[in-house]
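Note that chain A is present in both complexes that follow, paired respectively with chain B and with chain C.
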Partner chain A sequence: MKPWTIALKDTLIAFRDRNAILLMIAAPLMISMIMGAAFGNMGGNTSPISEISLIIVNADKGELGKNFTEIISSIDVESSEGIKPLFAVEEYIDKDEAIAQVEIGKARGVLYIPVDFSTHVENRGESVNPPLLEVYTDPSASISPGIIRGVVQRIVNGFNTISIGNNVAVEQIFENLDENSAQEIYANLENLEEIIIAENESFGKVEGRRERIIITSKTLGAGEDLDLLGYFVPSMSIFFLMFAAFEGTRSILEEERDGTLHRLMITPTSIIEILLGKIGGTFLTGILQFVILVAISALLFGVHWSDSLLPLILLTIVTVIAVTSLGAFLAGFSRNANQAGILGSTLNLVFAILGGNFILTTAFPDWLTIISKLTVNRWALDGFSTLALSHGTLINILPNIAALLGMAIFYFTLATVLFKRRFIK
Partner chain B sequence: MAGFILKADNLHKNFDEFKAVKGVSFEIGEGEIYSLLGPNGAGKTTTISMLTGLLSPTSGNAYLNGFSVREDVNRVKEIIGVVPQEIALYPTISARENLSFWGKMVGLKGKQLSERIDIALEISGLADRAKDQVETFSGGMKRRLNIAVGLLHEPKIIFMDEPTVGIDPQSRRRILDTVKSLNENGMAVLYTTHYMEEAEELSDRIGIIDHGKLIAQGTQEELTQMVGEFDTIKLNIGEIENIEERAKKLCKLPKIENAFGENGDLMLQARDANEVLSEVIEHLNNVKIKIHSLKIQEPNLEAVFLHLTGRALRD
Partner chain C sequence: MRKIISIAFLYLRTTYTSIGTLLFTIAMPIIFTFVLALTMKGMAGEPTPEAWQLLIANEDKSNLSASLIMHLEENPILDVEIAEKNSTLADVESGDALALLLIPSGFETNAFQHDATDLTLYQSADSIARAQILEEAVKSASAEIGGSLAIADLSLRVAEEIALINKSDEDGKQDYKEEAFEAAQSAWQTDEIINLQFTEATRLENGDDIPVGATQSSPGMLVMYALFFSFGGGATLLVERDEGTLRRLLVMPLSKSAIMGGKLLGIYLGALIQMTIMILFGILAFDLQWGQSPVGLIMMLLSYGFASTALGIMVAALSKSVAQANAAGTIVVMALASLGGAWWPIEIVPIWMQNLALMLPTGWAMHGFQDLLLRGLGLEAILPTAAILLRVVQF
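Now for the complex of A and B:
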């Protein structure tokens, strides 16, 4: 009962402190975002549904490529600001240069029309290698890739149906295309959302589906945005969990310094109950901090923490226990609150670097890997990564849970010995 | 005679080689206010720490309501209230949250807890600031809350360790009045201070403590009788440099027993003030010190301390 009262008091103090909230919740989320953005795979800002900047690289030697370009340029949509072209088309000669524009965010997509496009269509698909229309889209955009792919697809559909069977002159094909396909596209733009959804779903299966003209679509950077956050958010959460937990256990020494520990000892409460309360408060605060981080990052940034809840819960609990025990050991070891603060920050940083919170441990040489595996951070981070990135299950993280529990027991035992020597005479 | 609520029996406390308390014995009757008066470092806090079970005595024992602080420390803790010398509160939570927490720690809960919190807020005059964070309080308000926490469980005896150090006059007044009204409701008080006026105003009995020893104790009358045959002359000479050295020089004049200077006042003790006055005035004239006022005082506790130790009672 008394330990519970103390634990609740400490949790109240932690969550009442604006700076603490900043450190516990805001900092890990913000740093994860910054790191994610630094790798260029963040965003998801709203794409305009008119004047989507599209670069067309028309390498086609014949007329059809030019025609294709014209069709795309002529599609209009009704936007809130009146009739506008759907695409703001720019033409480039060099494909790589065009792709670079997408990568730096200057354009939403690239359409590459290959050299033999006209020849192939004019031969009604009898050439050996069907031409490859290439579409590159901006990975950070959520809407425009679907539109670009959808429109290109529809125009190509027109080519395919028309060029099958009938001996139609090339000019006619394009008249038809112009009137039918373009109109169809235009009509369908009212169902823009459906197009996007359908296209995004079929995206990836597109390749090879069409007989006559093959479209390959690539999202530049291959959709690593969520994966990156799936690494950084747990990583930073562990790092800042440790900060908060060390603050929590350090408050034992602060209470000693500020006289509230003495006051607690004057109440009918044993020192063991007091210490249990303090450590329990750190644990409780840590659990709350982690739950909030998981919830916010999942809801706001779509971070996928785990396929199922149970392994995530267990891993969170043992991680917080391990970090809290380490903090308790540190507090027992330090002469005063000041020293505990300095030791804590140092250890936090060293453990974070060794444990892979900042540097990927895959690059570590063998000897460093061994040292790395002595840290709480490494086992916790590996565990969370297994759940978030490799769709791991409870079985996969059992070694992590065992290692973290082992460390918790080790540090807690040390802490008990130190506290006994210090407080129990 | 009513029983003793507190009995200290030859308490000693050593910190390694250093002897902080050297055999302190005294009793406090039920409903009595007892002051430990002594300068900083005299051993007041150390004594209180032993009486409240925070430090175990090197030797000797103390009993509260008959329970030994050595054997029955948990029973002792239930009947005592403690107001520590340092403000021991959580600054980042509100006054009410502090009271609620400390109330639970002494075993209060539910309706009783919230009633006691209201009373404590009333006593400390903080009812309208109950929801504010303690760190926004003035020094005096913090001291009052510090006291209120010690009163929550209505202890039989409350220990107040220098509760008025470094606060404004109004808060000080309020605290002294609080002590008196608590006492009128039957609470015994152990009050430590180095301000003689506070000890004089509050106490039924006073123990004068210096260098870890109780050098005298009794009622104020009993104590001042010890210097009854002396006159104390108080000369106001304004703020000047080296006032202590001036006092020491005056001490060398014949027939002056003790002298010290503080805050622009020179205090002299002699068997007969009239015998020494002319010499003192002449001496001050010679060194060109102007006397603003001169008073021959009734013997007080300051004089007692001066008489017993040859030193001033101050920090």
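Now for the complex of A and C:
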């Protein structure tokens, strides 16, 4: 009964403190929203990047340069915000001025179409030097240059197809002709130019534009119908749960420093009851913090935490137990409240980056993945992601629950040993 | 002035004798920079531009599929690897692989006997932005093969028109089309009439040697941890107020402005030390040269140091207690760092967020540091950025 009273009092203190609420509730929701907005374009089968700023310097006097510009400007992609142009195209006259814009980071790329582009393409075989299209890309970007490169290459291939086509058609006819060929064929050859022009017109209008190889893109993994907030809200909730839990267990050392712990010890309350109350208060605060975050994020942002309640409740409980036990171990290990604060913040940030709270752990090399699995954050986050994104069941998250319970027992045992040494003489 | 400097140095001495400060200013930023760089595949010595891994499951085993694979292998931004479909699909689904291109059985037959043939590109949802590059590369290679198929169609139609091929002779038509396809494929190799040249628009002399991930994580963590330091500094002013040490200082023969000036100078110098540590770590761990303009770099450090200190003091001044300053500081630093592009490349966020970044000091700081680091710009390009950062001080 006494531990319960102490736990309840500590929980009430935590939830009456505006600053604590700021860190426990407002911060995880706000940071999750920023992450959701930043990566909101990454879900489903949509293209994450659109409106790439591209400058075209079309020095060509003919029609083909103009066609090239029109093709690039007309490419649309399906983004999370609907259909959008892949490129935000600007036209410049001066090539050096355009390149300077990329150099200073005002544009992601420049496409330079040379002066005699149309002439060279239309009079294939007669030109000495083939035209050179120049593409300049922003060195600070890692995604856009690859996209610009692919698109320009694809359009160039289209032009080359039309250009090569005529020659191949003619050359093949003459290769297949011999003295035994019918007179009708030789007669038709007189009209070959007209036939090729007619076929080319048809080719340009319908045939040439028809795709011979159809590429279907399919997105696999949790992002097929990705609810990014379903990843970021649990992620940030775990991160800020640690902040609150470490603060809660640190309060044992603060009470020791301020003398209130010793005052409590001279009341008919054993130190074990006091410590259980303090740790219980941290656990209760953590559970309430998580419940509020689940409720607010589900109501306001429509975050789908789990298909059924039981696995979510169990995972929440073991996560909070594991984090509280880790906090208790830190408090038992630290010499004073100040040291516990420093160690707690450090451990929180290290566990967060290793556990995947800031970056996806799938990008980790193998050795870092092993280290990552030593953190509470990783097992908890994997568990919540399984429930929220992969519609997992209790069976799917049993390894996570077992790992978190194992960590909780380990840290709590260490904390008990350290607290015994410290307080029970 | 001497008193201000003395107070500043006293502040720095007190700060740097704390293990907590050393952990937060040295160990933590280094761990963050290292792990982030690692996940962005940018360790020292890795070439740029990066080659993106594309797995191919070739179920057709035909000349056409081999030709497509050859075209893909020729693309320098791709690292092509032949794989088995089922196990690789699981890797793509789990995020262990970026993308798998499936060339299905019947790919060649469909190409020659039917109107079109299919390919399927499976992309990992975990790396959808990178997969967009692969999609464009696959489309580009397919456009060449598809172009040859279109040329073969054209050639056959012309041959039919001049009665060289009998329209009812299906076998003859098939052979003629295949011959035309081969001729077109050869023409791509020998007759290519439009050449393409790709160049990175950097003024750096050794632009190709820059490791990719570190160019994001090094300035990113520099920007974030300078803020953390300044906000921590602002909070220590409140600690001194609460513990009475500020009042004790006031009874000394020092003016209020000298005391405050000394404290602010201490925080500012601390932020500069913090940023210098990050720069040195970038040089030692990732071989980052931080551009070609030491004066530009110094200007960026001085101006961002000012902006960061001003923000730290502003949040402390608006807070009623140390706890509030710490809580608000954590949220503000994390929000500013993420929105400003310190955590991820700004190009991958929506346009409105890219514009928002340019309303924040962190966004301008990232812009300035990357101007130096990647674009090789000098002082004249940095000055406007520095001026914008100094405007933050006015708030």
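General remarks:
Note that in this section the second predicted complex is superposed on the first by the 238 of 425 C-alpha atoms of A that agree within 3 Å, B and C clash if a C-alpha of one lies under 4 Å from a C-alpha of the other, contacts with A are read in each partner's own complex, and residues count from 1 in each chain.
By our rule, a residue touches a chain if its C-beta (ideal position, glycine included) is under 8 Å from a C-beta of that chain, and two chains touch if they have at least 3 such contacts.
Everything numeric here is computed off the predicted structure, so don't read it as measured data.
By the touch criterion defined above, A:N336 lies against neither chain B nor chain C after alignment on the C-alpha atoms of chain A.
By the touch criterion defined above, A:T413 lies against neither chain B nor chain C after alignment on the C-alpha atoms of chain A. Of the two partner chains placed around the shared chain by superposition, chain C is the only one that A:A27 touches, whereas chain B remains out of contact. Touch criterion met: A:D17 reaches chain B and chain C at once. In the superposition on chain A, contact of A:I266 is made with chain B only, not with chain C.
By the touch criterion defined above, A:K9 reaches chain B but does not reach chain C. Counted by residues of chain A touched, the larger count belongs to C, out of chain B and chain C. In the superposition on chain A, contact of A:D258 is made with chain B only, not with chain C. Residues 17 of chain A are contacted both by chain B in one complex and by chain C in the other. The part of chain C that touches chain A in the complex is made up of residues 18-20, 23-24, 27-28, 31-32, 35-36, 38-41, 49-50, 52, 77, 89, 92-96, 111, 115-133, 135-140, 142-155, 157-159, 161-164, 176, 179-180, 183-184, 187-188, 191-204, 207, 210, 212, 215, 321, 323-324, 326-328, 330-331, 334-335, 338-339, 343-345, 347-351, 353, 367, 370-371, 374-375, 377, 381. Interface residues of chain B, counted against chain A in their complex, comprise 52-54, 56, 74, 77-78, 80, 82, 84, 86-90, 92-93, 97, 101-102, 104-107, 149.
Taken in their complex, chain A has these residues touching chain C: 17-20, 22-23, 26-27, 30-31, 34-35, 37-43, 47-51, 81, 99, 102-105, 108, 110, 117, 120-121, 124, 127, 130-147, 149-154, 156-161, 163-165, 167-169, 171-173, 176-177, 181-182, 184-185, 188-189, 191-192, 195-196, 199-200, 202-203, 207-208, 210-224, 226, 243, 338-339, 341-342, 345-346, 349-350, 353-354, 358-360, 362-365, 368.
By the touch criterion given at the top, residues 2, 5-6, 9, 12-13, 16-17, 258-260, 262-269, 425 of chain A touch chain B in their complex.
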